[in-house]
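Before anything else, here's the structure in question.
As written, the chains take the letters A, B, C and D, and residue 1 is the first residue of each chain.
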Amino acid sequence: MMRRIPTYFHLTIVTVGIVSMIALTMQDAPPLIRQTSERALFACLAIFIAEWLGKLVYAARSGTLLAYARSVGGLADALAVVPLAAALLLAGSSPTAWLIASLWILKLPPASSGLSLLNRVIALEARSLASVATLFFVILFFAAVMVHLAEREQQPAAFGSLPGALYWAVTTLTTTGYGDAVPQTGLGRLIAGLVMIGGLAVFGLWTGILATGFAAESRRREFIQNWQLVSNVPFFKSLAPSAIIELARLLRRWDMPEKTVVIREGRVGDCMYFIAAGAVEVQVKHGPVKLGPGAFFGEMALLGSGVRTATVITTEPSTLLILEVADFRAFTAANPDLAHLIESEAGKRGGKHAHAAEKAKGG
Amino acid sequence: MMRRIPTYFHLTIVTVGIVSMIALTMQDAPPLIRQTSERALFACLAIFIAEWLGKLVYAARSGTLLAYARSVGGLADALAVVPLAAALLLAGSSPTAWLIASLWILKLPPASSGLSLLNRVIALEARSLASVATLFFVILFFAAVMVHLAEREQQPAAFGSLPGALYWAVTTLTTTGYGDAVPQTGLGRLIAGLVMIGGLAVFGLWTGILATGFAAESRRREFIQNWQLVSNVPFFKSLAPSAIIELARLLRRWDMPEKTVVIREGRVGDCMYFIAAGAVEVQVKHGPVKLGPGAFFGEMALLGSGVRTATVITTEPSTLLILEVADFRAFTAANPDLAHLIESEAGKRGGKHAHAAEKAKGG
Amino acid sequence: MMRRIPTYFHLTIVTVGIVSMIALTMQDAPPLIRQTSERALFACLAIFIAEWLGKLVYAARSGTLLAYARSVGGLADALAVVPLAAALLLAGSSPTAWLIASLWILKLPPASSGLSLLNRVIALEARSLASVATLFFVILFFAAVMVHLAEREQQPAAFGSLPGALYWAVTTLTTTGYGDAVPQTGLGRLIAGLVMIGGLAVFGLWTGILATGFAAESRRREFIQNWQLVSNVPFFKSLAPSAIIELARLLRRWDMPEKTVVIREGRVGDCMYFIAAGAVEVQVKHGPVKLGPGAFFGEMALLGSGVRTATVITTEPSTLLILEVADFRAFTAANPDLAHLIESEAGKRGGKHAHAAEKAKGG
Amino acid sequence: MMRRIPTYFHLTIVTVGIVSMIALTMQDAPPLIRQTSERALFACLAIFIAEWLGKLVYAARSGTLLAYARSVGGLADALAVVPLAAALLLAGSSPTAWLIASLWILKLPPASSGLSLLNRVIALEARSLASVATLFFVILFFAAVMVHLAEREQQPAAFGSLPGALYWAVTTLTTTGYGDAVPQTGLGRLIAGLVMIGGLAVFGLWTGILATGFAAESRRREFIQNWQLVSNVPFFKSLAPSAIIELARLLRRWDMPEKTVVIREGRVGDCMYFIAAGAVEVQVKHGPVKLGPGAFFGEMALLGSGVRTATVITTEPSTLLILEVADFRAFTAANPDLAHLIESEAGKRGGKHAHAAEKAKGG
């Protein structure tokens, strides 16, 4: 329970706070809006202080105070409260002081998860990234020196000093191109053209390394999660370990909120679903049939025609594992066990419900 | 029949409509063009209303009215007609009212297919994309706050409020760089440089995730389609299921319009073709030879010299499966069955036609 | 002979021609330069006319006139000569007429090879590219309509008509951002921000599809070439077909000009080389040892310490196949045959030359 | 020793030198800063001269003078000293002469390693890159010619000559978009739009080729290093060669500085570590336990619950090989040997330390 609530809760409070903060900086806004904004900001701060103190007390009681304080979440909680409260106490409430509230954005859950993933990728690809970053700075620096030599007499304000030339080089090498500093001599323009083309090359390398690393790391994490989920589905227990490994690689995890339509009767489907956590309701004429963790549905898309025979809706937030028909074919060509398992289970089901609920399988 | 026609038909009507709509907004165009444009727009609208009503009646008769109304195509048909007709009735014909005709673009078939693919990719990569989007907004927001602090005194118009600073940050982080708001202080320029470099990194991650997800999903869909096509080619029936799976992965689907030259006599070829649907004509001296679904041609490129011995032309819109020499070598190294099959079939053919049509194989 | 010469020859003539053409458009250049440029252009044109006529005569004699005229090279040859000659005859020599000489660029060999590869990629990825292009145009069009509505009153010149708004949308969606048309209302800036972020997404998809397709197609072509080269090396004849296929995938082709140092004595090496075509010279004390097609060298890097024991230089333009130590380890773990072959060959060599040329292996 | 020191040493000296050089070009800086900068530059130059002479003497004594002079490092050392010293002697100390100090940046170690990797990638992908570069120049050139024709009358200064039009085309095709030269006619804007969209396509190809090549080459190099490291870990000696190859592909190398926390007690872990070089300290209650090269730790994350039972810190700069739980599962599903090895070793350890140091395994 302590984990579920904050996701939406934090998102709401942080959004309210940030929007109020933005409104506060607009000097031509009517006084009413500015007053409301300030009050909303005080309310958000109060909530975050209460949350932080609550967590500190809870952590102190359970003897994990140090662990909490050193965790990413604990740091985010502290940063959201301490600097802003200190600034308000010292300097009073002013739009500038409230700018510190931008630290609240660090409380958003994806921020920490995304940053931890990014952290890992950067640590593992550090050498390649360092090579490209060095290449970037070498090009940047030589470009700045050369354009400084070419343009300093014509445009002393923009290119007369190396810091100015470096600013131009960053603007150009990243292909941003503001146009506030632009070479005017022929030589300067030639250098600019080469820098732009060089920018594309560096950018290509940079993109490639980050993209490759990020993709590999996400797949790795997804595999670990899938493998844990698959291990907990009793239905798969009889498969060989190597088959479970392969299956964990094929399944795709889909987290669905409550009351979401997973499959709709009459549509054409190309995948089946295993319930890793949560529950769904198969809507058939004589009333809904409930399926819980470990059950599967939609298998007729793989065994039969592909047209869904019933609508399936989640009844609570659920984690489903999707097996697509393409992967199912490839997998069962090598491991026929799973196909037999699913067919026999589907057969059993079909027999059990044959008269009353021929369509209850949701396939 | 009901499916084929609309592809070119819609493309034509939508193009005419959109071009007319654009012409209508050009205030210095001669009156004749404006009148013609308006008439063309009314004609397009009439066609779409007729099409929509026709489809509604057809769906109501076949009892699929609800399914049609809820389908992507049904929504696009309704959106193309209802809002525009309502606006014309309420406000009369004016260039502004006709702007609603831009919804017609949703009727183009690739729009819906592309959007459904994109939808799936986004759903499956939601977590990674959310991480990167959060990272994007964190950088965006801190950049805006910092440049607001650095530049608000020098340039109150552009950077005096956070919305202005955020606009600058988006412009810079996406490397668009209009140049209408540009930092002028040393600190502001340093921040700008860091934001641009950060933009490259975020962009790299974004590109990588979308590209990887899109590539995987396209390959998945292609595999399902190929697998269905291969299963329908009688020639492959004798292959083991695992070989069919592997073959479906190697084959590349090529949809060709009517009367297209597939291979040309005398050219060097590096692939053979299986006909999944449609028909082709092998042009040999004593008259053309027809080949239908399940047949193959061009196999001499894999077995012999590689020079095409006849020209082959489609006689109707056809779906061909291409097997390249590289994949053929790799595949038959592991599964020699296919090579034997093709060789024996080619031998049979060679024998049958040996005297009259030595070149009829089109290989 | 007819193939080798044109590569450098065309590059030189085309470069001279293009540079002269550029010089001709510079109106403040001294008359001498303009005269020289014009003469150089006439000379280039004369050479291309002579080449074209020569090729036509040669093709007509060998009965391949039609094949030549319809080939990519034949079209490029004709386009380089006919339009320009016609323009010069009709309108006389002027900088504008000479602009047609820009068609000469199509004679460069990589242009045709690159364009044929690109052609193939575009044909195979046509569906995905069409989806993304449609998405691009949908975003482009809606962005233009919305910004037209938001800005047309404030900036009628830039955003008053849809063509203007579309120009702005292309500039923004491709993240070019000239800054000549910039939204000024709050709503317009919000739309601009969303368009820029959408531009990143579309760009990511576009990049991903083209990059994936291009990489797959290049690998495919490289494999076919390698497979043909490997099949012609007698040394590999004794390997199993599946091993040859795998080897063709591991080897990397390296085309080297004459008199190039392949490996240098004393450097650390991590790959060995097979000669597919051409010849090399191993420089040892008692005089150089020649190696021709089918021979290998540098094998000590894989079997021994990795320090090169002799310098090896190509004596004619050669095609080498590189086998890296990593791939060698992986390959011989599964197929120990190649390692035995190389070891026994290296042993033989070592014995033969043991006294006089211990270092002749170039390893 | 001669290798370790320069990494930080060079980074410091080069940074001091470059910053001083930048300061020297700022004409409005106070004289004190300019004097200090100049002195710092002289000091840096003196250090580099001393280093170069020292290396030359050392190389001459050990008979490797030629090898040193021709190596990348030797060239960088010479370039850092000779041109700058010559300029100072000939022209005296001036900000312009000191700009030559920008060559110092080539002394940074990643510069040479990154450039050598880039060199290799460019050599191997030369054909594809040449195709795309040609395509880039073809588009660039035709764009320049067309916009020159469309705009030369309206804007003779910017588009009147081809060099100007080419500068605009580079700016646009790389999506930099300064905005200093902008088409104003309808036709010119249409060309500009097409060039921008073409720029995206070329950029996509460019990015894809460089990224693919770079990723493949880095993986190759990493594999060779890993393979050498794994071969030196006695623990792996009993594995089959094919298993060692596969393991070398799974392990990820992590170079860690001295006194770094590798794993922290109480955190959840998903990987184990092998020590390839260096040493770590497992911190348990009764005093630290030292582990050296060939040892492993953190294995409980793979065998047990995943919660780390002790903190592990490096005691010297170490090279660790990381095996993630996902890879461990996949690897041991095919090769159960490693799992037995680790379990038996973990069992032995557990038995040995059972009473005094139950937590000493650091798992």
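The rule is simple: contacts are C-beta pairs under 8 Å (C-beta built on N, C-alpha and C of every residue); 3 or more make two chains touch, one makes a residue touch a chain.
Computed from a predicted structure; not experimentally measured.
One copy, subunit A, sits rotated relative to the other, subunit B; on C-alpha atoms the angle is 90 degrees to the nearest 5.
Under half of the residue numbers at the subunit B-subunit C interface are used by both copies of the sequence.
Centre-to-centre separation of subunit B and subunit C, using mean CA positions: 27 Å. Inter-chain spacing, taken between the CA centroids of subunit A and subunit C, is 38 Å. Residue numbers of subunit D whose C-beta contacts span two or more other chains: 163, 166, 175-179, 203, 207-209, 211-212.
On the side of subunit C, the complex with subunit D involves touching residues 18, 21-22, 25-27, 96, 99, 102, 105-106, 108, 110-111, 113-115, 117-118, 136, 163, 166-167, 170-171, 174-180, 203, 206-212, 214-215, 218, 252, 254, 266, 270, 324-327, 329-330, 333-334.
Residues 67, 123-124, 127-128, 130-135, 137-138, 141-142, 145, 148-149, 160-163, 166, 172, 175-179, 182, 186, 189, 192-193, 196-197, 199-201, 203-205, 207-209, 211-212, 220, 223-224, 227, 241-242, 245 of subunit C are the ones that touch subunit B when the two sit in their complex.
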